[in-house]
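Just so it is clear, A, B and C label the chains in written order, and each chain counts residues from 1 on its own.
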Amino acid sequence: MNQTKQALANAWIGLVVLSILSFAIAASSGIGPAIETLIVIAFAAMKGRIILVWFMGARSFPQAWRVFFAMWLLVNAVVIVGFHLVSPA
Amino acid sequence: MDAPIRQAVESADTNAPRPPAAVPALPGDAGFWTFIAADAILFALLFFQFSLDRSHHAQVFDAERGELVIALGAVNTLVLVTSSWLMARGVRSASLGDIDSTLRWITGTVSLGGVFAVLKITEYVLEIRFGHAPSTSTFFMYYFMITGIHLVHLLAGVIALSAISLRLRSAPNYGRNRVFLECGASYWHLVDLLWMFIFPLLYLAR
Amino acid sequence: MDENEARLVRLCGWSTFVFLALFCLGWGVLGRNIPPYGADMPAADLAAIYRQHAVSLRVGFAIGAASTTFLATWAIGLFRIMVAMERGGSLLSYCQLIGGILTTMVPFFACIFWLTAAFRPEQDKSIIRLLFDMGWLTIDIGFGVTIVQYVALGIVALRDKRAKPLFPKWLAWLGIWIGLEFLVELIMPQFRSGPFSWNGLFAYWLPFFAPFVWMTGVAVFMIKAATRLNGEYESSPAAVSAATAS
């Protein structure tokens, strides 16, 4: 859980940038719903990974827990995107 | 903080490579991560159930999604990621022996948690004024329930971190408080992690 | 605890499995509650089911009601272990005991309401539905005392300072989580269908089956704990001097 000040700041910047990009993509009318959903959920998983690794210190977790959280991110993203793609608005 | 101590703290930082963890370990108390995992699974089930129900009524869900006050949700996202960053800084300060700074970081975290709660309740009031309630439609049932359960988790985190802060204030000793601090921080990061999916799922995804 | 008491506490641990087996058989299978009929089922359909299956429903709910006796024996056995574990008095042990004993009344009365509906199934369908509703609202909203039981056990188990605690910390935290998850039931009465209604994922499957699995774990560790506490007693100065004096 102990990172350098710079690493934590970089993680925060990454989270803010990905969040703002998500808002912008959702607000723009030029992107189709499927692509938009794919991107915002992919960004969600990336942000989740940043929080897990840089804030929660997941790199130091025992193997089983690293796998659990990696699967959690992946399954959430796949399930959400999957259901959205089969039933577009 | 005294100048010599501040110097020591800051020079311990910067360019020295971090030694790898001796043994892989979970922060705080390992048993507490069962609580965290159970919460993570609960929300994964909520995401799954929402996505499944949405797939049967996609157009209705999308139309109702358009009734959400996305701006407030967006601001809340930035508020929460910032609070998580402050929390991480708090844990780092404590590990370097600077409890005073930790207390300030935790105050910042809790304050932003409070901001999130106020904005969320404002959103609820607006939605109810627009005529939306948990019982008015399936989409709004999920909206209120998912964000509501998340809000309850956030408020529990605010209480827990406030209690940890009081404990640190009365006994500013890292060794005795490390487990509480790391458990509290891990829980707070979970609250943030969950919102990373909740916001795009409810507000953005089409 | 001495050997006699340890044996009784182990029996209390085993009684957990008796409860689970009888309750799942009675309330679950014969009572047609896996999964339950929804709150949105028309009264005529519900009455037809009660009329068609009256005998098995009556047997099932009578067994279900009686099986709650073994929820009590589980709580009593746990109490004895917790008294040995708790430092600084026994208040939390009593919280578990009383929470656990009061919890037995929740599924008990729910089963009695359903039994009453099945007792005279030819009666007005609205009455059958009323009793059916009462059963579900009772069993779902009676969680307060159960939270007290699970959280008290969790706290005492977490404060166990043994090198190898009598209950693993993950089991204690899981119990606390399950207890708190029951709070979702507060919103259940707002819905007659969907995942938050009484036959939904979050108001039925999770809050019923997660505790059943957790109770199994608690029972396993209870049985082992009784043996360990007996061993601690046998090697304690009090037991040694009692043995030497006799």
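Going forward, a contact is a pair of C-beta atoms (placed from the backbone, for glycine too) under 8 Å apart; a residue touches a chain by one contact, two chains touch by 3 or more.
These numbers were taken from a predicted model, which means no experiment stands behind them.
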Chain closest to the assembly centre - both centres taken as Cα means: B
Farthest chain relative to chain C (centres taken as mean CA coordinates): A
Length of the line joining the C-alpha centres of chain B and chain C, rounded to whole Å: 32
Separation of chain A from chain B, taking each centre as the mean of its C-alpha atoms, in whole Å: 15
Separation of mean Cα positions, chain C and chain A [Å, integer]: 39
Multi-chain contact sites of chain B, meaning residues that touch two or more partners: 33
Chain B to chain A touching residues, read off their complex: 13-14, 18, 21, 24-27, 33, 37, 40-41, 44, 47-48, 51-52, 54-56, 58-59, 61-62, 70, 74, 77-78, 81-82, 84-85, 87-89, 91-92, 95, 182, 185-186, 189, 192-193, 196-197, 199-201, 203-206
Touch list for chain B against partner chain C, complex: 29-35, 38-39, 42, 45-46, 49, 53, 134-135, 138, 141, 145, 148-149, 152
Touch list for chain A against partner chain B, complex: 1-6, 8-9, 11-12, 15-16, 19, 22-23, 26-27, 33, 36-37, 40-41, 43-44, 47-48, 51-52, 54-57, 59-63, 65, 68-69, 72, 75-76, 79-80, 82-84, 86-89
Interfacial residue positions of chain C with respect to chain B in the complex: 158, 168-174, 176-178, 181, 183-184, 187, 190-191, 194-196, 201-202, 206
